[in-house]
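Both complexes below contain subunit A, partnered by subunit B and then by subunit C.
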Partner chain A sequence: MENIKIVIDGKEVEAIRDQSVLDVARENGIYIPALCYHPEVEASGGSCRVCLVEAHQNGRMRLVTSCNYPAREGLEIKTDTDLVRRIRKGVVELLLSRVPDSDVIRELATRDGIEDTRFFKDEGDNYRYKCIACSLCTLVCEEVVGVSAISMLNRGYEKEPGTPYHKASQACIGCGACAYACPTQAIAMTDEGALRKIWGREFSMVSCSVCGKPYIPEAQVDWIVKTTGKERSFFDKCPDHR
Partner chain B sequence: MDRFSVFSSRLVDKSENFTSGHRACQGCAEALAVRHVMKALGRDTIVAMSTGCMEIISSPLPLTAWKVPWIHNAFENSAAVISGCEAGMKAMMRKGIIPQKKINFVAMGGDGATADIGMGPLSGALERGHDMVYICYDNEAYMNTGIQRSSSTPFGASTTTSPAGKDSMGQHTQKKNMPQIAVAHDIPYVATACPSFPFDLIEKVKKAAEMPGAAYVHILSVCPTGWRIQPQDAIKYGRLAIDSCVFPLYEVVNGEYRLTYTPYRKLPVTEYLKGQGRFRHLTDKEIQLIQDKVDRDYQKILKRCEEGR
Partner chain C sequence: MESRKLNSVDEFNEYRAKILNSHKGDYPVIYVCGGTPCLAKGSRAVAEAFRKEIEAQGLECRVELSLKITGCQGFCSKGPVVSFGDDIVYMEVKPKHVPEIIEKTVKRGEIIEALGYKDPATGKKAATFDGIPFYSHQKQLILGDLRKLDPFEIDDYIARGGYASLDRAFSMDPDAIIDTIEASGLRGRGGGGFPAGRKWRSCRNIETETRYVLCNGDEGDPGAFMDRSIMEGNPHAVIEGMIIGARAVGAHKGYAYIRDEYPLAVEAMKKAVVDATALGILGKNILGSGFDFEVKITRGGGAFVCGESSALMRSVEGKVGEPRAKYIRSVEKGLYEQPTVLNNVETWANVPLIINNGVQWYRQTGTDGSPGTKVFSLAGKVENTGLVEVPMGITIRELVEDIGGGVLGGKRFKAVQTGGPSGGCIPQSKMDLPIDFDSLTDAGSMMGSGGIIVMDEETCMVDVAKYFISFLVEESCGKCAPCRDGLPRMLRILTDITEGKGKEGDIEVLEELCDVLSYGALCGLGTSAPNPVLSTIRYFRDEYEAHIRDKRCPGHVCKSFITYRIDADACTGCTLCAKQCPQKCISGEKKQTHVIDQDKCIKCNVCREVCKFDAVRVE
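== the complex of A and B ==
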C-alpha cells in the first residue's frame, strides 16, 4: 500500500499504487461511464470499452480502459477530451448495433448525445436481446460464487455467455448472482412457486418448514453445506423462523 | 429483486455514505433503510433532511454520520429546500460556474414530516417537477419525540397521544395513503419499499434517481421502540407487513402500476399484528375491520396493476 498522487481532469487526487483509475475517479466524484466493471470482482473490466480515457505518462498519451489501468505516480488522466468523446461515441454505437433494445445502452447513448447507430442493427436471426458479451456474469460465477457453471461460448461475432453446449448445467446452483451482476439485465431468472428457472435448468426450492415459503434452491444449499460445513438442518427454516 | 441472496449481496456497493456510529436505537430498520438508500445513491448526492429520528441520531453536534453534503431542515421544508438546491445547481451549471454533472437531489423525511407537516411543500415540489427524489421513512408515528400519533399511524395502533384503554382502542382513523397522494401528482416515479427487501429497495431508489423529474419513494421502516417489539424482530416484521399485504410493494412508472413482490401465500393480518405491543389491545372485531381494509386496499392495487398490463 503506497499512497501516490495522480491528476484526473486537472485535479490532483490521492490514490493507492496500482488501484484502478476508474475507482480513483469514482471516489473523487469524476464521472466515467462503465458497464463490465465491478469493484468486487477482481478480474472484471476491460471488455465493454466504454470507460476509455486518455492516459498521459512519461510524455506519451494512450487511450486506455480506466477500469483496469493501474494508478502510478506521475499519471495524468483526461476523461473529457474530444478524442475520448469521439472514440466513445463509436464504442457506444457499436454496442447499440449489437443490442438495439437495451435500455441501459440507450441511456448511455442519450447521455453522450447519440440518437441512433450508424451501423447495422442486430435484429432477426442473430437477435441477442440485451447481452453485450462483457463476461461479467462468468467472472462472478467463478470468483464470487466459485462454481464456474457458465463461461463464454463461441468466438468473435457469436460470442455469448452460457452453460456448456447450452445444456442444463449440473454445476449451476441457481443463486442468480449472474443475473444480479449483469449490467444490462440480460439474464432471465424466473421464480414460479417452488421452481426457479435460470440458464435452461429448473431448480426446486427448499421450503421453510414453518411457513412453507420456498426460499432457496436445493442446489444452493448443497453448495453452501459443501463449502462452509454448515449443518443442513439450518436451511429447514427460512430466515424469519430460525 | 427479493430473490437475490447470499452471493448477490457480496456484489452490493461496499462504500458507506451513511456511516456507522450514529445513535439509532437497537434494531432500527429506519437507519438500515437510510444506509441502503445511500448505497443506491452514491456519493454525488445532496441530501436535505427534515427534523426527525434520522436527523437526531445522525448529526449530534459536532459529529455526523453523513459523507455527502447534508442539510438539516425544519419539519416542513425539506422538499422546498431541495427544490431550491436543484434550481440553484442547474443555474450554476448553465452559467458554467460548476461543471456539468449528474447530481442526485434527495429530500428525506419521516412520516410526520411527509404526511403531516411537510405535505404542502412536498406537494409543491412534486408539482413543479424538479429533478429530485423525495424519500419518506415511514415508521408510523413521531418516534423521536416519544411516539406521538401521526396521520401515518395505522388504525388501532396505541401511541402516547392515541393511547389504548377503557375508552379508546388506540388510533381511530385510517393511515394516510401517501404513495397514492404522490401518484395523484402525475410524477414519473412512485414506489413503496422496505429494508427487509434490500435488493428491491436499492433497485427502486436507483430507478427513482435516474428518472428525470420528481420521484417519490415510501419506505416502511419498522421501529422496534415505537412498535413495542424486540429489536431482533425488526426485519421479520417488515417481511410480515409485506407478506400480509398490509404494505404491498409496488412501483408506479408514469402512471403504470407494477407489483414488485407477490407474497407466496398471503398471511392473515393477525400474523403481523400479533407480537406488536402497540396492537395487543385489539379485539377480534377490530382485527376483522383491519383485515377487511387491508384486503380492500390490496385488491385495489392488484386491479390497478392488471389494468396497466
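== the complex of A and C ==
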C-alpha cells in the first residue's frame, strides 16, 4: 500500500494508490452522490453514472465515475463544476423517468433542481417499481454471499435483476443481502412472523432461543454451516444474545 | 501438397519451392468470386459450369487450365464476378456465358466486351481491371490477393509469398518488430485509429508470464463487410499478422473472435488455423524458431457491443458480453486479467505487408497521420457497391464519384454516412474532405471500421438518425443509465419529429441528451451513440426544422408528411399499380387514369415501385 496525495476540489487529501476516488472523498467529508457502488463489493460501481466528477490528469480532463476511478499521484478531482452538474442532472433526470416512484431518485433530482422529468416515464408494461438495474444486488449475491441466485436478465432497456426465468430459485438462501444492498430499496422482502418472502419464495426463519425473535432463514444457516463449518448450535441465539 | 510439419525456415522454403514447381509455369487461371454476395448471386453454379465445360472439352482444350473459387473480388453489385489472368474481368456472369468465355477468352485470349462493365455515363463497356474506374482508382494492398487466392488452400497462400514474413520476424528482436510497426504509423482499422505499435509496446512492457493477442472479427456496423471479406478471402494473412504480433509482445495464445453470422468466415478461419498448425506454422516451436503460438476461433453471438474491447474479452471468457466499468486498459489487464493486444482483422492483415516490405514502402501510401490504405464497403444509393481499398487521404468525392460511379439513378447526392452507428453523416459541402482518421473525426463522424453508406436526395436525415438510434436501442447492453435509459428517450423524440409531433425545443433537448451520453456513458458504444444525431443536426438542421415547424419532410420519406398521387398525364392506365396495391385502394378503368384513395393508402410505395411510366408522384 502506497500512500499518496490527491487534490479534491482544491483541497489536498491523503489516499492510498488505486483507492476509489469516491472512498477518498467520503473519508474527507466531501459529498458526491452515488448509488450503485458498495465499498465491500469489488465489482460494483460504474453503472448508475451519478458519481461523475472531473478528473484532471497528465494535462487531460475527462468525466469519470469517482466510485471506480483509481487515485494516483498528481490526480486532481473537481466534483462541482458546470459540466459535472449539467451531465449529472441529465443522468438523474433519466433515472427519474425510469423510476418516478423512487424517493431516493426524487431526492437526488430535487437536489439538482429537477422538478419533474421532461421525458416519457416507464409506466404500464414497462413499470420498473424502483429498480435502476444497477446490478449491485446480483454482485452482492455472487461475490459476497456466493450463491448467485439472481443475475441480470435480458439486456438494454429490458435489463433487470431476477432469478432464472423468474422462477423460484433453489439457490436462494433468503439472506436478503440483495435487498439490504439495493440503493433504491427496490427489492421486495417481507418478514411476517417466522416466514420471510423474497424472490417468489418463502423461507422459514430460525428463532432466537433467548428472545424468541425469528432472525435468520434456515436455508441461510444451512449454507453457512456447509461453507464455513461453523457449529449449527451457534445459530440458536441471535447476535444480540450470543 | 502433402502436409507435414515443417521444422525450419529452410524446410518452409523448400516446401514453397515444391508448390511453385508443381504449378508448371504460368498457365491461365479462371478466378470465380466466392465472396458471400457473389455466392448469393449464383457464382457456385458458374464455377460448376466452368468445371463441367473444362472436363467436357478435355484434351481438346489447348491450354491447361485451373479454376479457383476465390475470396471477394470487390464488385459486389455486379456479381458474380469472374476474372481471367491478371487483366480480364467479367461481370454478372451466368452459366450460359461459360462456353463463350472458354472458347474466346481462354483459348484465343479475346476479350468479350459484352460481359464487361458498362459505364452508366458513356454506355461504353470495359472488361479489364485497368479499364474499369471501380478498379483502376483503387490501391489494393490487402484486397489484391483476395481475388486470386483460394482461401481454403494454404498452399495457394504460400505460393503467393504468404508466411514469408515469418522468417524476417523470427530473426528480429521483438522490440525491433514493435519499432517497425510503430514507425510504419499503422493505426487500428477497427474504428478508433489507435497506433498499433504503441498498443503492442504497452502490452510488452508489462511484467508477466501470460499475454494474449486477439483478433476482433465482430464487425457489426450495418452495411459493413470489409472484415468478413478479408476473413473469407484471405484468412492466412490475418493469422500471419497475429503470429508476428504475438512474437512481438510475447504472447503464446491468441483468439480470433468472429461473429457467428459470418459462417463462411468462421469456416475459412478455422480451416486456416488447422492447415497452418499441420504445417508447423502455428503451434509449438513454429518453424523451428523456438516460439510457440496457437490460435483459437471464438464465435460471437452477434451482439453489437461485443465489438467493444472489454465486452469482447468477457465474451471470449464465456461471460455475458458487457463492457467493463473499470478504468484499466486491456493492454494492462485484458483477457483473463492478463495484458492483451486486441486489433481488428484488417489491422492484422496489414502487419505482414509492413514486415515484408518495410516502413518506407508502407508509408508511400496514405497520409502522414494515417499511412497505408483503408478497405471500405461501399453501400447505399451508389451505382457501384462493393468492397474497395483506397489510399488514406483520398477524398469522399473520389470514392463516391470515381470508384462508386456516382449516385444511383443519376439522383442528387446528399450525404455519406461513415463509421456505422458510432459515426455520422457528412454532407455535400464536405465532399472534398480527405478520408483519414483525423479528418473524419473533426467533421463529427469517424472512420469506424469502414462502412460507407451513400445517401441521395430522397433520404430523410431525421429518419437516418432515427434508424441508427433504434439500432442502438436494441444493441445497448443496459449496464449504464445514460445509454440504457437515454437512447429510448432520444428515439421517442426523433420518432415524434418524423410523425409530425415534433415541437420547438426538441432539437435542443436532443443535443442535451447527446451530451449526457457522450460525457456520461460507460463504453464506446454509449459515448459515440450521439454521433448520428449530432452530425445530422449539425449539417441538416434545416431538415429537422422543416419537420418540426413546417410539418414537411424534405426527403419525402416520413409517411406522416407525404401523399401519393398519380399524374394524369403520365398514367397510361396499365392497371399494374391497382393490381399490386395491398390496400386495393387504387381505382380506374383500363387505359384510363388511375386514382389513389387517400383514406385507405398506407404509403407503402409499392405503386411507385411497379409503375413503368413514373406516373406515381410523392408530394
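Keep in mind that, in the parts below, the second predicted complex is superposed on the first by the 224 of 242 C-alpha atoms of A that agree within 3 Å, B and C clash if a C-alpha of one lies under 4 Å from a C-alpha of the other, contacts with A are read in each partner's own complex, and residues count from 1 in each chain.
Here is the rule we go by: a residue touches a chain if its C-beta (ideal position, glycine included) is under 8 Å from a C-beta of that chain, and two chains touch if they have at least 3 such contacts.
All values reported here derive from a predicted model rather than from experimental measurement.
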> With both structures lined up on subunit A, is it a clash or a fit for subunit B and subunit C?
Replying inline: fit
> After superposition on the shared chain, which partner residues are touched by A:H38: those of subunit B (first), subunit C (second), both, or neither?
Replying inline: first
>> Between subunit B and subunit C, whom does A:G29 touch in the aligned arrangement: first, second, both, or neither?
In response: first
>> I'd like to know which partner A:Q220 touches here: subunit B for first, subunit C for second, both or neither.
In response: first
>> For A:V144, using the defined touch cut-off, is the partner it touches subunit B, subunit C, both, or neither? Pick first, second, both or neither.
In response: first
> What angle, rounded to a multiple of 10°, is defined by the Cα centres of subunit B, subunit A and subunit C, with the middle one as vertex?
Replying inline: 170
> Which partner does A:R118 contact after superposing on A: first (subunit B), second (subunit C), both, neither?
Replying inline: second
> When the two structures are overlaid on chain A, which partner does A:A177 contact: first (subunit B), second (subunit C), both, or neither?
Replying inline: first
> Touch check for A:M152: first (subunit B), second (subunit C), both, or neither?
Replying inline: second
> Smallest separation in Å between any Cα of subunit B and any Cα of subunit C in the superposed model?
Replying inline: 22
> What does subunit A use to touch subunit C in their complex?
Replying inline: 45-50, 52, 63-65, 68-70, 83, 86-88, 90-91, 94-95, 97-98, 118-120, 132-133, 135, 152, 154-159
> Which residues, counting only subunit C, touch subunit A once they are in their complex?
Replying inline: 303, 320, 325-327, 473-482, 484-489, 492, 509, 512-513, 515-516, 519-522
>> Help me check something: in the complex, which residues belonging to subunit B touch subunit A?
In response: 3-8, 10-11, 13-14, 43-44, 101-102, 199, 210, 235-236, 239-240, 264-265
> So in the complex, which bits of subunit A are touching subunit B?
Replying inline: 26-27, 29, 31, 38-41, 107, 140, 144-145, 175-177, 179-181, 189, 191, 193, 196, 211-214, 216, 220, 224, 239-240
